[in-house]
Structures are given as C-alpha cells and as structure tokens.
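My questions all concern the structure below.
Going by the order they are written in, the chains are A, B, C, D, E and F; count residues from 1 in each one.
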C-alpha cells in the first residue's frame, strides 16, 4: 500500500545554461518536471512511500522521465503507449527585467488519452492519499473525465484526496477552469490554491481567511490551504484558521516552489501530523526548493528541519 | 533573384554529448537540421545565393532555427504561424554495435499546414533552382498538395526543379511514398535517390545504371543521380552515364551526408558546371560533411577543392 | 536600401566561464563584440534593416564574427583582407570588489587599414542612417581619415549620421580624442556621449542640460543624447530638452549596455518616432541587455515593450 | 520475492572528460560503479526484478550511488552506517599506448565492516538468484566471512548462487585469492571466470574446455563460464560444453564489459532460458555495453536482440 | 632561503557545478584546497618566496595537487609515500537557506603519518617564517607531535612562527582542541584566531580587545590577530591594539577567506611592513578572494592595492 | 645550475571542443603551447631540471602561460615587457579528410623584440644543455640575431646546444630558412630535423642515412637526428648510425609529437645515457604524447618505460 499516489503529466524541461537565451543557446540542460511528480518526489524524500502514475510513450525520452523519478525512490507505475508524444517545455531564466519564460510543447502528449481503464485505479483506492492538480483536466477532454473518475474512486475508497488548483493561463481560460474545477471539488479533501487564483479563477473576493473559509464550507473540504506568495499561507479546517509565514529564501530556482509546498504538507499530514506542523514543513520545503536547480525538491528531512530551526547558512566543517 | 530556393521542415535536433544515452543524459546539444535547409546552407557556402522557406511557429525556439540558418548566409523567408509546433528530434549516436538512433518529435509541426497561398511562390518562380525532398509530402496531406503545387509552379516558370527522394520509413510506407512521389516526378528536373530506395520504394530492380536510365526516361528527367552508400554514385543525363566514386571519409558525423551531396551538386550544376564536375564536388562535400558535428556542412569551396585534390590530412602550419 | 549602416571593428571576445580568472581558466567562452555591430544587431532586431561593414582577415576566425552577426538578421558587407589580424579581447567578470577587466588584443587588426575606396560608400550614401563611434578613429591614422570621409559622404548624401563618443582610455588620451572628435562632429546629426566623457574628453563643465545644449549648438546637432549611468538620460534637440530615467536592471551583463541604448534609440528615431519615444525605447533596450550574456542585445520588440510596461518578472505559464 | 539479489561494494567513479589526465583535469565526470550493482542493473533492465544490497555511509555521496541505481529500476536495500567511507576510484582512459588507469580509493569503506547480521539475509534466501564476486571477500577479513555466510545461506535456501571471480591484483595476491575463493566455490552454482584468472589465480593449465570442465567437476558447479577476451566464451554444464563467440564491438567504454556479460547471462538463465541462449544474450549485452560511457549497461532487451540479429549500425529514421 | 614555509594537508575538493547537489550532479569541479597551502599561494602571489611541504601518496591524484600549487609559483617540497590516501572533500554550495556543505573524506591520508624525520626541517629552520594551523594537529596523534616538533624547531632557529587556530568541529571537540593548542602556543609568534573560536575553543570571554590582549600576554605572542566575521579585525602587539575594518565583498566564494587573510598578512609582515599595513593588506586580500572560485586567492599585488584604494568595480577599457 | 634551458615563443592555443569548427564554436579550450617550452616540460617530467625563458607581456594572458608551465615543475625565468602581444593560435582538429588547421595569431608578440641583453644568458651558459628551434629565428630579425647570439654564448660556455629545425611554412620560405639555419648550425651540437625538411629546406637528397651523415659532417655535429614520420628515426654520431622504430600510437593528439621526441631524447642524453637509449626514450615519449590533449607531454618516466616495455594497453586494476 502506498502512502501517496499522484497522477498527471510529467515533461522534460529544456533550459539554456546560465543566463543564455533559448534563441541562441547551443545546449539545453534537461530536467524532469511535472506538478504531480514533483509532489511525489518531495513526499517520498520526506518520508512517505509515494508513487506516480501516468501514460507515456514507449521511448528513451519518456524513460528518461521515469528514471529520474525512480532515482528519488518514487514508485513509478506507468502505462506505456504506442502513440502520443512525450511532452516537453522550454524554460529560459533571466534576471530582472527579463524574468522567466516558459514555452510549453505538450501538444498531443500520450497522457492526454489516458482513461481510468488503463490506469492503476486499485493502487489509488488502496493508497492513503491521492493527489492531482488543475493542470491535468486542462490537458484534454479525456483527462478531464479521467481526473473526475479517479478523484471519485479515491473518495469512495476512503483515500484522502488532495488537489492543487495550479491554474495555467496557457492551457485554459478562467471560465473553463472554474467550470471544471467546481465539478471536481466535491470529491476533494485537501485543497490548495493560490489566493490570486481563487480570485481570478474561482471569482472569489474578500479577505484571505474569508475566501478559505468559504471554500471550505462550500465544498466540505477537510483542509483548505491558501498560498499567498511571500505572504503567510493560510489553512482552514473546520472552524480553525492557521497561518504560516514563508521562510526567507533565494529566488534562484523558483519553479516547483508550490509543488514542494504541497509535497512537504502531505508528507506530514498523511503521516498524521497536525495542520500547523504540516504547514510549517510545507513552507520550509518550499523555501529550500528555491535553492535547487530544476523543478524537483532534492531535499532531506534533516534539511527541512534545519530551515525550520533557522540554522545559519554558514559553512559547516 | 535567388540561385536556389528550398522548401521543407527544419527541426531542432537534441543530441546527448559524447556517447551518452538519451535516457540518462543531463544535457542535450542543440543543432538545426532539415534536409532542405541543409541543402540551402551547403549551396550557399559553396557559392550560390540560396534561400529557404517554411512555416514556423512564432517562438524563440523557431527563431533559433532561423538564426542558425542565417548565420551561414542563407536568406530565410519564413511564414510565421500562431499555431503548430516547432518540430524536433532526438539523435543518439554510438559506436558499433549501437549505431545512431533518431526519434522524431514532429507531430503537428506548423509547417504541416503550409499552403501555397502563404508561401513565397513568386520567389520560387523567379529563382534559378528549386529544391525539396520526399520528406515534405510525407508530413501531411496539405504538404503533399503544397509540394506538388510548388514543383508545378516552378516548372511552369522555368525554374530548375530538384528533388531528393529521402525516403523515411518512420513517416510513411513504401506504397504510400511511391504513389505520391510518382505523381511529383513529372515536374522534377534533377532527381536524386539512394539506390536502395529506388529498389524498396519505387520497386525497381536490375543494374544500377539501368535503374537510373529507366527513371530518367520514365519521368523525362534532366539529371538522375543514384547514390550508392560507399559505392560510386551514378548520374544519367540523356544517354550519358557518369560515375563518381566516394572520397574516403570518417563516419563520425554521418547525418546530413546526403543533403551535403545534393547541396554540393546544385552549387555547381546551377552555376553552369557540367555534370561530372558537379558530381565530384558533391562527393567531396559529402565526405567533408562527415567530419563536422551537426547536420550542416560547415564547409568552404577551398575545403571541398582540397578534398578533391586529395590533400593530406596532416597539419598545415 | 538599408535603414542603417554601421562601420567599425568587431572583435572576438574571450571570457572565462562563471567567475573564473583569465589566468587559470581552461576554456574561454567566445562572443562577437563591437560597438558598431552591437548597434546594428539591436536596431535590426528591433525593426530596422541594418547592415554592418568592416575590413576583416579572410579566416575562419573572422567568419565566426560574420556568422554571428548574420544570425541576427544583419546584412554583413565585409571587405576581405589578405593581411591584418582579427582583433580579440579578453573579458574577465567578477563580483565586487573584483569587477570587470578588459584586455584588448587588437593590434594590427585588418580594419586599421580600411580606406573609403575599399568600403561600400554607396551603401552608406543610400542608407537612411549611418552610425559609427569614437573607437573607430582611435584605432589608426588611416581609420581616423576613413571615419571622417564616411561621415562626410553620408552627410553630403542626406543620410542621417549617428556618432557615439565611446571614449576608450586604453586607445588614446583625452587630448587626442578631443582633437579628432571635434573635427568629426560637424558631420554628425545624432551625437551620443556619456556625461563623464563630455567632461573628461571634451573638457566641458556645468549642468548636464547645459552641456547637451552647448554641444547641440556648437556642432549644429539634430539630437544630442547625454547618458548618465543610472541617472536619467538627457536629449536636446533644438530648444527641447527631454529626460528619460533608466529602467531598473541587473548588472549581470553590463558590457554592451550603451550600444543597446543607441541601437534602441535609432530603431525608433530612424523609423520616424519622436525623441521621447525613442529615448524610452533606448532605455528599455539597455535595461534588457544587461540580462543577456555577451555584448549583443538578443531582444525582441515585445520584450522591450514589456520592460516599458513594467511587466513583472514573474513566470508566465 | 526478487529474481536476483546482488551484494558488494559500489563506488563513485571519477573520470576526466575526453582524453584528459587525472593530473591536469579541472573536472571529473561522476559515475556509479560496482561489479555487483552493475550486474543488478543489467539484469533489471533485461527483465528481472533485481535488488542490490550493501553497507553505505549516511551521506549525500552515498545517496548519489543509491539514486543512480534506483533510476534503472533496481531495488536498493541498503544498510546505512555512521562510520566508514564511500569508496571511490579514479579512472583515466586514453588511446593506445596509454590505456586505462584505475586508482582505487576504497580504504576504510563502510562496506568493509558489513556482517550478515546487518544485511537482509532473508531477502537473499527468498530470491531466485544471488550474485557476488571475488572483489567482495578481497576487501576485508569481515567481508570474506560475510561473503561465505551469504553464499552458504543462499545455497541452503535453494537460491541459485552466482559468483564472478573478478580477480583484482590491486586488492590481493593470487595466493590469497586462491585460498579464499576455493573455500567459497562449494557454495556456488554458476561460476564465471576469465581464463587468464583461472590460470593465474587458480593455477590451472591445459586447454580452455579442460579448465572449465575441471572447475565444474571439482566444485560440483551447475554452470561454469569461462570468458576469454575477444575469443569465444565457453560454458560447461554437466557433460555439455557450449561456445559463444563475442560480437564485434568498439573498445570505447570497456569498463563493465564483464559485469554486463554476467548480468545478461543471469537475466536469461534465471528466467529459465537454456545455457546457449543465455550465453548469446550475455555476449550481446557485453558488446553493447562497450558503446556506453560509465560502468553500467544502459541497454534494453530490444537492443540486445538487435545485436544478436546483427542489425546494421546505420541510422534508423 | 624561503621567506615562508607552510606545512599541512592539502586536499582535492570536489564541487558540483552551479547550484547542483552532490547527490544528483554528474560532474564535479576539482580544486586544490588546504589551509596551509592556501596561505602559501597567497603569500607567494603577493611577493614572498613561499614553499609548502606535506606527505603525499605517489599518485596522479596527489600530483594534481602539487601541479596546481606550483602553477602559482609556490615551491613544493613533498614527501612521497607508498601508503596513505590523498585526502578529498566534497563541497556543495547553495543560496540561503541551503548554505554550504562540506563533507570531508580525509581518513587515512598519507599526511597523517608524517614525522619530522621525513619532513624538510632544515628548510623550516632556514626560512624567515613558518606557518601551520590547528587543522594539522587535529588529523592524527602523529601529526599533533609533528606539529609541535616543527614549531619548536622553527622557534629555536629564529624562524617567525605563525599559527591559525582554524577550529574544525568535524575533526575534534573544543576540549581536545584546547588541550593541544595551548600546548603549541608557547612556540607561536603570530597567532590568528576567529573570535568565536577564542570563545568556544579557548573558553575565553569578555571584550574582543581583552581577549586578544589576554592571549598575547598568556602566550607571549608577537602579534595576536582576532578575526571577527564582517566586523573589524583586531591585532594586538605588545601594548598596541590595531583595528582593521573588512572591505565590502561578495559572498560568492567564501571558502578560503581566512587563509587569504593570513597569506596577505604574512606577505607584508614577513616583508617588514608594520602591523597596520599588513592588516589592511590582509583584509583586502580576503575581500578579493571571495570573488574567486576555489579555495585559492588568485590575486596580484595590484589587485589588492586596488581594493585598498577603493577603486570602483566598473569596466576598465 | 639547470640541466636544460630552452628559449622560444610560447602561445596560448584556442581549440574548439570535440570536432567543432572555429567558425561556429561558442567556446574554445585553452592550452599552453610552444615548441621550446614543450621540450622543457617533457624533459622536466622525465627527470631533468629544466628551465624556459622568453619575453612576455605583463598580463594575465601571459601569466596563464607561465602558470601552466610551472605546474609541470619547469623553472620559468621570464622577461616581462610593457609592449608586445601574447601570441596565440587557433587549432581546429577534424577527422579525415578534414585534418588539422592551425591559424597563427602571433604578430607583434612581445618575444619578437627579445635581445640577449634582456635574457638570462648566464643561466644558459651555466646550464648543461640549451635548446631552441627554427621557429624562433623565423619570428623576427631581432630574434634571428638573438638566437644566434644565445647559441654562440652557450657553445662558448661549453653548454650542449640542441636545435630542432621545426620548419614552419607559414613563417618563412625554404630559402629564407636555409640561409638562416645554415648560419646557426656551426654552433649546434644536437640537431634534430624531419627528413622532409632536410630535403625541402636544406635542399638535400639521397638516402636518409646519407643525409644525416652529410649534415653531421658539414656542421661537425655531435648528434644528428632525422625523424621520418612513422618510419624509424635515424641518428648519426661520428661514424655510428642508429635506427629507432616508432612505437605504434593513436593519432588523436598529434600536435607536439616532435617536441616530445626531443624532450624525451634530451632527458636521457643530457643525463649521460647513450644515443640508442635516448632515441628509444624519445620515440616512446612521442608515442605517449599522441594520447594526451594539448601540446604538452603530460607523462611520467614510468609511463615512458611502460611504452618501451610494450605493456598492454589493458586496464590495470
């Protein structure tokens, strides 16, 4: 039995080295990147037995994805496909005022045709937790249905369901997203959403805590987590409201911060820790992630705890 | 007026460094690669004013393709598209018995929807030569029609048309290829084909020279060039049959050998040189290409002539 | 007809990777760098048809320069020489207190013997604009005369002439520079100079605006632009004085900031935009350049506009 | 239940890039390398469920070893230690007459204190096969005893035991090796040894087949495999003698050839294939390995079969 | 006669490039690093004739250490050993909150068995200065005795002895360190210690100047230097107390800052400059070091003076 | 007293990595390369106390040359100059038929103005041997005179003088070379020349041994060594003729083969070994060099002896 199963698309990410530009670089660094697999890796590294499933083309390119995830100890339970692409994206990073540019190249990815009949639903039903994000249903009509089916099956089986809104404006409009997401939320137990997405996508307004509370009540959520950039995160569970400030951190490698937050949270919450402890762990994992190249939080429990303890960043020797 | 216009898809090529594997490499070298643009670059570097046209997504990834082609002096006359991908492929090279592996990722490329109405047909009609290959019509139904239309327009306008069979088994079957190609050949003046493709795709048999002659007569070709691996190439023009041995060469960087051959040939043939001279130039360009990483023949006329002269490969200092 | 022709020396730049030192590095990154070609590239990328001319040794080293410039779409119209070197320089970058070190190695460069008779003067005369800098006449007596002749020919033909002082203390003394530059300025329409150079080289004093105005009147300039580091730039045209603050930016890649400023300015001014719009574009281009490795502003109009709009440097996805 | 468990030391390997020398290189490539884990990876990739166990220091350096092995799907079941080093070695490769140099740095490795009480003996007993090599007992007195105990436990439990002589002259003398190995062989089922080691270490002489037969009879072996460099390998099982020629291959990456041979053999033999089929698979895996950088055979069943089929090393596209 | 001889262990340092992690990196950058050799290099580059001695294994790995030190002009006078390792360490650097991680791998280093009988004691006795640190006696019992013997011999011979506390918590406890160090200090002339180590290891308290003064008096020191992070350093000599603020500097490459400080100090002090001048030189060398990758201060006297002069970090061209 | 002093120009060499072209590469590897310093390094590494002198610009670029030579233990005794360049060259390597291309960029090098008055002539006079090559007098009129003066001074002082013809067609014509070299030879004791240069430059003909003998007699040489590519080298001394076959070797890194030969020869000859032993050592050093990137023979006596012993190029472990 897995502690956590996650489902979604994982891509290869191509990034020019240093501050070079996509347009002129002669080599790209390759990383494995996907919101749901990022969560699985963080959770696995922080103590859970985590698994990730998806549908992948049977090629060395997709096996590169699988290998990198396995290297972190995650159980990979893939559906191999004869058709469909391995999704990729190009990431260019630059100092201000250039910023970070993401160019998705995920058209026709193999995962877009994944159906519950192909996927390891029993694994999901037997797991303690199941996690996916708002990216998955945005990828295709089929995936929208599959996401709903998996959440429903998990819920039915008593698996704790976790869902991160992860709104992507390059994939769908706020209206499209709202319609789909509000259909999924009744099957969700732990819901994480950036406050700006709650406002833009779910069309909510008012104070932060009020938003979280309204979400909690509307969808009968077990825990509602509102992330707020560098402002403290909020969690609402029943009547309780918890606040967790962010830990100070570099902005060197921001991609994957949110997934690390969720992975850190679930690593504690599914292990039976209380919400404040899980939130603190989440925030520390997210802060640490930002020091690590790539999308993935290559981190250990000791390192998360060291962030929480505010250990100096000096040289230990 | 251009000496040569070529049309086709150009991809980004991702290759692991050294002998590494796609599945385990952490960086990929990036090259620009396309049969028709490879020909344009070789021809430009060897003396022609060459242009390349295609349909490309409006993104830094596609602009990387354009920039690299321009760096060699080729005129790039692109159609920019709001939809469609930038095609890519993964190339892994290894010594024997591993060999070279190509994994295409060209689904839904922007070029697959290119129509004559979008493309610079007048430029083709005003050029001395026009070149495309059997890859282009294999990419989509639309491109099959566009290829036919461009060849017809060029032929009509008195532009010398050049066509390289370039059969790709990953794109279509021999039967599909044969049906399409035989429909195009009546509008072709200079036809290049590997002997093994003449046998496999065009279903021909008999001696090499007989095959070339039969092609020449059936399609009323100006020049028919039969390449034969490391065996001498053959050219038939009217009653004349010419034979050109290959120049000895490394097999370090074989991708693009055939395109360099055609580029070398056209650089001379369109410049008014006779067929034997053009064939010799073609063979020398191809031999030199095999020493250069990437798909493109980064070569100068002096270097081609040095291969022809059999200059020693010692150190000049 | 070109929108802009620039003339000057372009060098290969050798830089140790990361923060390494020239003295200990085992590899140098290679970039193409020259004040006038930097301006041509920026202007071309931002909308003009720009050309660059110079005199170059006929070698692969110089062809590397030509190829990189062409990759950005610039028309390169070179004079090839049998003698003279390809100029180079070594650039080492380091954080404070180390700073940046430039070691020129441009002795005996082929360009130092370039005469008007060799250069494409007609192209200059037919262009809308012509640009060179104070580096060019500093390189040799011959180049000093050639610079004067080209500016005079352009002026005579009605081409808008642009000149950037670009004082280099490693090439000549303030006195030498002053004598030469004051001889050239009567043929200049658009004059750009750093305020500190106006004071040090042209021996001017007083308030910034007064300096610009005095320059404008003394040399009957169309536009006088005074750059002032991180302080706002000033432009004087007739009686009007314009001020343009700098946009906040990293100092990661400062080399080429000034050239990008001029390229951005000319891209608008020669396109008929008014001076304030051109100044704003100049400042935004300069700010963006500082995020890009190398001397060249690899930038698009959309990116410049995004800097002007103050778009956040977050992740768009 | 695992199909195969292997036990031994796995090191980090540091190699200068290209043909550089250890003494002058400024960077070393890092690979994971160990005879027994190499076998586990090859067997896993070729179809078995393979596991590897060892004793490792609790540090990121050792976790790098674990991660790379896991990336290939191998189950890693480590004993973490508070003391002892992560063994490393330096490998320099050069063309002839330089050759390859290995400098071990494995003193005081954590594994040298591993006892059966710490190790997952039950896993070994439950597995279909168990494999270790002559390197392990050479590392310490404790390991010599542990190796004996594990082989005995496996044998007792009915697990097929496999042992590769792998004589290392930098670890012990032929006399020392002979004494230890002959004590272990009674508990071995599948014994692989290079013919030169049979002669030098086990002091045998005569024809190859006679040596294999004598070994087989003396130690009551199930299968005895004699590898003979580029000469055909021999296997003796009961009265039967099998011969398997090597497949032609590059010598670009020879380290790990023998381990790949054993991994390929066990992948078939433990899966119930007959000895000739297993030998052919072994030889093809070994040939393919030599094209792959590092110690590990990054290979798929299809690739092994393609070597067996003698598929050309051309470009498939 | 040398101006300065230093003695201690020098290691190879392995660092993942950029911000990568030890656990996932595929290559490590290699540097030469040792407190005492760092001092020798800085002193040599800043004007002294400096030598370094140690005991090293006779292998290319150790010769890499020797070669890098010699490249800076340092005289290397090694004892070559048939046994013992070349010590190494892994250094991972990351932005806050990750910080820098050092993993020593120096067990059983050849130097740990070095005795005065093997070492060039006469060279030490003939030198103007001798320097070692608190790391050396912490490495082994033998080295503790050897350190004492060398300091005593130097003192006896009239060589100025310099000692840097350099407390390393991974090597010994404060109690162990205190016992050893207090035994060595009577033979020390110039003692450098971080204030935090004076408090933690030597168990001192009170104001900074009082600590330095107490040390000076207790051990009859010629000069006592107290470094205090980014606070001003203090030096006490007789009754005089000197204060030297740090120069502002990046924290990009902090490892080796302290050694550069000592090297800069000794380069002046042993050359006859007064203490304030030597302190200022020390602080400027340390600030410059922090801009240079690796442990070693690749710096020139002109560069140190430029830091002292507060020269801007702009671009000189 | 040095065993060997060499004098000549040493350049920085810029090489594209892998098989890339100068024209398209984005980074160049940097090596230190000069015929005379190559000889000094080989001789030093093989047992002599060798020194190298030259005149160098006072810049980090030249200090990089000095540092690399010192890293091999060579004593560097430079004359620092305020003017003149650090010579460089570009080296591109490619498989056949591309070959190796050298583009010198040594115009106006600081060394071209070196006079005996500046150089350490006393060091030359006190040395056991002095070596320079035909490159040095080809670089400038001044150097031609300086070379003559140094050879004469050495000869006068009883220093054994060694001279390698090293004809460079990019520096002077055979006629020019002949006139100068024949003027120098009377002061030469050990003369090395490629047979093809003896024919082309010195206008000699006949059998190899006859050429060597004629040279020996005409110029009263102590030893005359004729290298003959892959054919055996010949040495004539008095009436004796010695022949030394080449050792089989890769052609991966041929640059510097000849210098390694001379360095290997002198390391033995100046140490008192007889000519056959010195020739064998020379040939083995040259063979080994060809496996090492760069111009310099990074080699040890053990490695040379291993080539002589014909040790297999297998893996020692």
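The rule is simple: a contact is a pair of C-beta atoms (placed from the backbone, for glycine too) under 8 Å apart; a residue touches a chain by one contact, two chains touch by 3 or more.
Predicted model only: the values in this text are computed from it and were never measured.
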Output for shared partners of subunit B and subunit F reads C, D
Relative to subunit E, largest Cα-centroid distance belongs to chain B
Mind checking subunit A against subunit B and telling me if their interface is mostly the same residue numbers on each side, over half, or mostly different? same
Tell me, please, which of C-F, D-F or A-B gives a repeat of the B-F interface, judged by over half of the contact pairs matching in residue number. D-F
Let me have the rounded angstrom distance from the C-alpha centre of subunit E over to the C-alpha centre of subunit F, please. 40
Approximately how many whole Å separate the CA-defined centres of subunit A and subunit C? 46
How many angstrom lie between the CA centroids of subunit A and subunit F, rounded to a whole number? 62
Multi-partner residues in subunit D (2 or more other chains touched) are 21, 23-24, 26, 67, 71, 101
Each pair of chains that touches, named by its two labels: A-B, A-C, A-D, A-E, B-C, B-D, B-F, C-E, C-F, D-E, D-F, E-F
Which residues of subunit B touch subunit A in their complex? 14, 17, 21-30, 59-61, 63-64, 67, 85-86, 88, 90, 92, 101, 103, 105, 107-108
What residues on subunit A touch subunit E, complex-wise? 71, 247-250, 252-253, 287-288, 290-293, 298, 303, 306-307, 311-317
Subunit B partner, complex, touching residues on subunit C are 67-68, 70-73
Tell me, which parts of subunit C touch subunit E in their complex? 18-21, 23-24, 94-102, 104, 168-170, 254-255
